[in-house]
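Shared between the two complexes below is chain A, which has chain B as its partner in the first and chain C in the second.
On to the complex of A and B.
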């Protein structure tokens, strides 16, 4: 037990946590704007990872260059899912229905991926994936740093889009109040579709980094989605900053407990923290308390 | 309604004689799994269907029931045999006791956050089972080996499972008619209004949640005894959660017969497909596609869908008859019995996608 170990836990928390934060941002954005919980986000991350894998395997396209292809592809996948299924949901049970619909979509994709890529674990490989450098005694894996930069850039871009553009203003208006947004002339339907597309598009980068840092198969999506869901619940559903903080907190808590106590309990510790936080603040760290219950 | 009671009796009789007629162990194995899932779906529906709080963490109770059975039968050095069935209700009791604090935490939040929290709590259970020493970790636990004859091995399990189905359905029906059930339904329809009318919503929800955990836990215990060997990832299985939700949605959320029908069709179908094709991926795709179709086109479930169809058809026929009579102009006007409104009777379905 020493300060170096703690420092490197903190480093992991920030580097890896930011990638989780990126994936969770897509989820929380979609929830905030549309009241939709996208359970398929986990398998979409895996799909993103497999896309990078396929591009590299068949056309020898570099992982980072491949993102120029996989990101628009995932955007289109998102738009298709929204248009085909999610946009059709209406009424008071919409959110509950969305969970079931996206779960069904996720089963379809899981089955498809199992058929195409088999259930054997794969990991994305590149000359730089296993390289690392050290500052003092703390080692930095290249891919983790690159993942952090990528996540930071994308989150920054998302921020600019949301807070500095006209489209972003309509997204935020829809996030605050759909009915009023529609009244002032915002095409909420279109905003929803594009938001869902963006929410899914982030899984391309997230999936690539995830696939380069973990070995995965289609069923890894269960672990992923459970983490992503708890991140947005911890951060407060619909809160972008909350997703960021909670993503980092998740990895940080896990790693610190792993160092101080035992790696066996690292995931568990995070879930326990989650439950304790929810006892204290049921709406999550940065969530808005609802006036009405349902 | 007498006809309705008659159908229940016919169904019960059919289930009762099933293992006497069909003795092929392959099919009786499918039957055991089917009754286990029917009981779970019915019990899940008693809380989630009535209250509208969709729980996706019931595997936490199923697994806890299974571990109760495994740990007690091993540590009490129980003789393998029928005596172990006494641990089945105990598994249910353990699940209920666990469900109280879990429900207390999870039910303080809004409906969609509740879903996510149940998933998170489920993962806490799965991880604990993997990490704790006494659960045997990932290598699981072996229960006392039951030695009654191969040919009839399944039959006692089947009847105990059927007992759980009857218990869950009876409880569901009782709750549905009670004041407590009315309160759950009121919460589903408008929780704020229910609260305003003096329903102690939190207490009612927690009670319903704990009550519904009982049968799920008992079913988990029965499952453990039946398969004789448990692993954390099989008894704490995320697919379990979604399966019982789908079974209920397929049959009809909030109805009495819906979860039973859904559980029977889906579980028997799954077991059969697994035996026939042993291709998990194909099953996932079929399952997902079916799920999508049901939710998109029959969001209120098959039972309600068919009943609405039948009622509407009867109405149309009656309308046609009276129109003919009116046209003929000789018959007296039809007696004043208005057509029964669609979708009432005992089962009340969720509004679903409007």
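On to the complex of A and C.
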């Protein structure tokens, strides 16, 4: 076995996995607080990528600078989706219905993106996208390292927001028990709207990194959402830490197995791990057994 | 098994057979009966307008629509205006079956044209065969399509297993000092890519080109970085990538560049032939030297192709180099079916199938078409194309008068 290839695979797993972790964080946060499974998260990541693409194409705005525009824009998109569709879901079938509603939202956005940008694949371009530096014989792509740092900063910011702010306390209270949170005066509806907005806002950064490292079109969202869902299932639905660990684990396992064994087994290896974990802990690595009892 | 059960099964089998035959007869004869004089003739097509193959599906749609516009301008099929009935299959092998069933049973189309990719052409051909319809397609050339024993499927393009042969012949014909010493084979587990790659591996080995990496990756993989890094770490001088689309090639190219690895030869089975879509993804400078096998390109000297390319550029803009080969493959389907309809004097699918199996040579923008008993086109020539600057040019076979000199070794990335 080539040791350089193995080290490169481990490096790729950690760097790429962190970006998936960031994208999955929005999904797990929304589920944790709202009992909503946001199937549209994949297309929202792609929408974030297309926003960066449009800013770059028409106004020549750098990808990272563009995040100052795309992140608040995606937050507003999230708030609008929550107010228009998600917030209207009530009752015991809310979680199941959320899958259908967010899938419909996903189809609407996909159709819109296809009309505006066509189905031809595009990729975000910048001088640093294909540049790299080497430590020993292992090369680190700038964009992947930047993606890792960005994911770490945003996940850190989310952590601080959740555990060091009054709003975060409201989110955690809603996450633990919505009815009790409402009884102590927390505006659960408002918390839900803002949480959904935050969950969608992280797709701006995730989408930008994804779009700079992959050619994409609106249909790329299907591959993304299937991966994001498996991440939050492994990590434990509603667990931020779980999403981070599982995001990195998913890519790391696949990449290392691809080098040690064969790429043909890389996807299956992750699912074997997922099944074993679920047999051992049906609630996922960091999920709570009865986390979302209404 | 009990005797009663056997009898029941025999009756059931006989009923099923009779039912299937009836469906076939109704389907086939129904199609011919629907062609009243001067009424439009409807052609049913399932295309991947979303999903993994959406870029190719859209290009195919352009090709079909371009052909329909051209044939209608020329008076239609036997005087009937052509109307295309296109349904999206979202790149799904199950949806494609549903679509063709609906096109035949509900929409009562007279003819069916194929979808994009071997992955969808096989289930599509099986579905339409139950109704006795012919499926003429332009992007289902994998051996698995023809090995299914179907009598109704016809691929107007080059059978994919031979696609890389001119490339292999060129590489092995290089003087030993110039020839790559090592090669990496890396392919998606797709019926379009794997046969191409496995066919040339022994030829290169025989020419003492050592295989340093040879792996298949699952088609559903979306992150290729670690695979590309593993290829780069094995330091091959030549890379043969079995890819079906632009994102795969683009990801490998980017990962190679980040690894500081630039092979002397890099050929991908699909992606670089996608014209402007490929260039937009990888950039013109990085495209320089990239190779791809195919049977057609925008600069083809075929007079039919020149007319089609001119029509395409007039309608959609761009240059000849930017026309996707998918457009020509789809357009060829229309041309072949039009000739069969004219020769048989109607839209009877059984007559069309018989005619296409007769060994007749037909003409298309991709060149001559003649089918063997399996429905493979036996007469096309495989070529290798290469991006050289802003131009997409033919480089193999070397002795073909339209081939230009191969840009070898491939320039470093961005040069």
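One rule holds in what follows: the second predicted complex is superposed on the first by the 289 of 294 C-alpha atoms of A that agree within 3 Å, B and C clash if a C-alpha of one lies under 4 Å from a C-alpha of the other, contacts with A are read in each partner's own complex, and residues count from 1 in each chain.
FYI, a residue touches a chain if its C-beta (ideal position, glycine included) is under 8 Å from a C-beta of that chain, and two chains touch if they have at least 3 such contacts.
Please read all numbers here as calculations on a predicted model, not as lab measurements.
*Asks:* Mind checking the superposed model to see whether chain B and chain C fit together on chain A or clash?
*Replies:* On the superposed model, which is not a single observed complex, chain B and chain C clash.
*Asks:* Tell me the contact category for A:215 with respect to chain B and chain C: first, second, both or neither.
*Replies:* After superposition on chain A, A:215 lies in contact with chain C alone.
*Asks:* When the two structures are overlaid on chain A, which partner does A:141 contact: first (chain B), second (chain C), both, or neither?
*Replies:* The answer is second: A:141 touches chain C but not chain B.
*Asks:* After superposition on the shared chain, which partner residues are touched by A:233: those of chain B (first), chain C (second), both, or neither?
*Replies:* Touch partner of A:233: chain B, not chain C.
*Asks:* Taking the superposition as given, does A:88 touch the first partner, chain B, the second, chain C, both, or neither?
*Replies:* After superposing on A, A:88 lies in contact with chain B but is clear of chain C.
*Asks:* In the overlaid three-chain picture, which partner chain does A:264 touch, first (chain B) or second (chain C), both, or neither?
*Replies:* both
*Asks:* Based on the superposed arrangement, let me know which partner A:114 touches: chain B (first), chain C (second), both, or neither?
*Replies:* Both chain B and chain C are touched by A:114.
*Asks:* So in the superposed three-chain picture, is A:96 touching just chain B, just chain C, both, or none of them (first/second/both/neither)?
*Replies:* first
*Asks:* After lining up the shared chain so the two structures overlap, which partner does A:130 touch, if you call chain B first and chain C second: first, second, both or neither?
*Replies:* In the superposed model, A:130 contacts chain C only, not chain B.
*Asks:* Do any residues of chain A touch both chain B and chain C, and if so, which are they?
*Replies:* Overlap of chain B and chain C footprints on chain A: residues 110, 114, 222, 264, 267-268.
*Asks:* Could you pull out which chain A residues touch chain C in their complex?
*Replies:* 2, 4-5, 8-9, 12-13, 16, 110, 114, 118-123, 125, 129-132, 134, 137, 139, 141, 144, 213-220, 222-224, 227, 251, 254-256, 258-259, 262-264, 266-268
*Asks:* Can you tell me which positions in chain C touch chain A when the two form their complex?
*Replies:* By the definition above, chain C touches chain A via 49-52, 54-55, 57-58, 91, 186, 189, 215-218, 220-223, 225-227, 229-230, 232-234, 245-247, 250-251, 254-255, 257-260, 276-277, 280-283, 286, 413-414.
*Asks:* What residues of chain A sit close enough to touch chain B in their complex?
*Replies:* Per the stated touch rule, the residues are 31, 35, 37, 85, 88-97, 99-101, 103-108, 110-112, 114-115, 222, 226, 229-230, 232-233, 237, 264-265, 267-268, 271-272, 274-275, 278-279, 282-284, 290, 292-294.
*Asks:* Show me the residue ranges of chain B that touch chain A in the complex, using the header's touch definition.
*Replies:* Answer in residue numbers: 52, 54, 56, 105, 108-113, 115-117, 119-121, 123-124, 127-128, 131, 190-192, 195, 201, 238, 242, 245-246, 249, 280-285, 287-289, 291-292, 295-296, 299, 350-354.
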